[in-house]
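What follows is a set of notes on a single structure, which appears directly below.
Chain naming follows the written order as A, B, C, D and E, and within any one chain the residues start at number 1.
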Amino acid sequence: MASEVAAKDEWVKLNVGGTLFMTTKTTLCKEKKSFLARLCLDDPDLPSLKDETGAYLIDRDSRYFPVILNYLRHGKIIVEPTLHIDGVLEEAEFYNIQSLVEQLTEKKNGRDTTVQVGDQK
Amino acid sequence: MASEVAAKDEWVKLNVGGTLFMTTKTTLCKEKKSFLARLCLDDPDLPSLKDETGAYLIDRDSRYFPVILNYLRHGKIIVEPTLHIDGVLEEAEFYNIQSLVEQLTEKKNGRDTTVQVGDQK
Amino acid sequence: MASEVAAKDEWVKLNVGGTLFMTTKTTLCKEKKSFLARLCLDDPDLPSLKDETGAYLIDRDSRYFPVILNYLRHGKIIVEPTLHIDGVLEEAEFYNIQSLVEQLTEKKNGRDTTVQVGDQK
Amino acid sequence: MASEVAAKDEWVKLNVGGTLFMTTKTTLCKEKKSFLARLCLDDPDLPSLKDETGAYLIDRDSRYFPVILNYLRHGKIIVEPTLHIDGVLEEAEFYNIQSLVEQLTEKKNGRDTTVQVGDQK
Amino acid sequence: MASEVAAKDEWVKLNVGGTLFMTTKTTLCKEKKSFLARLCLDDPDLPSLKDETGAYLIDRDSRYFPVILNYLRHGKIIVEPTLHIDGVLEEAEFYNIQSLVEQLTEKKNGRDTTVQVGDQK
């Protein structure tokens, strides 16, 4: 719970394709090698830009972003029936979150028989 | 009705993952042990931060939040067909609303044969 | 048509759970005994508060509110397939719009065989 | 294409029930007798009001408005599966777009066997 | 990745029918002959106008725009179940993205047997 309501420098604003999101560094850094971890750690090899409100600009679709963020927040993959799993997979690949890419690919190929989260009841 | 249109210090702004919500302390305090009650009562053990508009920052998904708030407002669990019950359950656990966690779990496991609210007609 | 594009003091701003709506007094006053009629007529028995933009604060879910407003605007009940009828009914009860409560209850109980509006084609 | 990216006085802001839309006079004037043509031509018989951002205030539901605008833009009727055809018809009648009212009524009554646009593939 | 987080003059704001989107010139210029490439390259034959926030004004429906942008970003066609394929096709034609028009037409006519992206799993 400490990570959700945290010190001021913990909070990060993201402008994903024109839509604002707010989250914490703790969430973004869950997957060390991901684009999001590198972004909020200001990796010098990753040129980044902020908009006028101080939000990191990311040229991606905002509709899938909550699924990505939730995975980093609590580790579960929950895809709403209004979203396309291919869209989420595409974003997982862009953000370079390997464990998510793998689970989504398994899910898509129907080889995922153990994980129940994500199957509408 | 008195609680819905109330004195100025009754209203609370919440920034849930980048999306603004407004509600009252009466609503947030319905479940004493919940994260939301502790937040609006400024529990010293719960470090919190507000954004530049004075809204409490919460690092969670905004899409499920209306279901949580409605449960606190009127006590019923109504999950839209566009939302995933696993997503709501995850939030109920985070916000530490035990009665909601229990009812959602029963609903999910199909053991819920009495409650009709939440089943699309 | 006169009521839709009307004099300046005809327009009312509403902040429903954090989301802004605009409508007219004529629309809000369609059902005399409703919470919304009392609100815009500044009923002294109904303590009310406005946000910093001058919008009346209402502690309810914004997702169902368009269905309520439309009913006041044109008298028809049209519930989108993405919305839960129980959610609309709950709001109709809160806003104290008796004719809407009755029709929704009939609809829900399947006793509504005459009204065709609201059944997806 | 000339009409879409046009001179400054071509652009019109509309505040539909609290939600902002932007379009051009060319689009709004496609149907001469419609409410929207009369609005943007400042018909003296149609009293109108603008909000503080200069947008014309319209007391209608914003969710159906894109379908109406698209019809004026390109002449096709495309109703998303999340929207109710009765809701679109109601708006077409309010905005007084006769050709749209007729086609939607035919569609609704199932007498529309030629037009394929609007049937999900 | 270089193109997503890029230099300041790389970023472009678009106001599509009243809704704001942000993307990069690299994305918009993927299809040389498209309306979007001509727009961001300030083609003198394409008269354009910006709103007060510096966003290019485009008189089109914002709901389909993410599908168009995603196609330019990663080359895949992913249409959510809440969207109508005819609506996307109409936009692809307006924006003059020939490869997208062709693939969507094939998809719609059911002649598309190889591409699996876009078919909900």
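As a convention for this text, a contact is a pair of C-beta atoms (placed from the backbone, for glycine too) under 8 Å apart; a residue touches a chain by one contact, two chains touch by 3 or more.
Note that the coordinates shown come from a computational prediction; the quantities given were computed from them, not determined experimentally.
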Among the remaining chains, which ones contact both subunit C and subunit D? none
If I superpose subunit A onto subunit E using their CA atoms, what angle of rotation comes out, to the nearest 5 degrees? 70
Residue-number overlap at the subunit B/subunit C interface, same or different (half cut): different
Gap in Å, rounded to a whole number, between the CA centres of subunit D and subunit A: 36
Quick check: what residues of subunit A touch more than one other chain, meaning two or more? 81-82
Chain contact topology under the given definition, line, ring, star, complete or other? ring
Over in the complex, which subunit C residues touch subunit D? Could you list them? 1-8, 10-11, 13-14, 19-24, 27, 66, 69-70, 73-74, 76, 78-82, 117-118, 120-121
Residue set of subunit A touching subunit E in the complex reads 15, 17-18, 35, 39, 46-49, 51, 56-63, 81-87, 90, 94, 107-108, 110
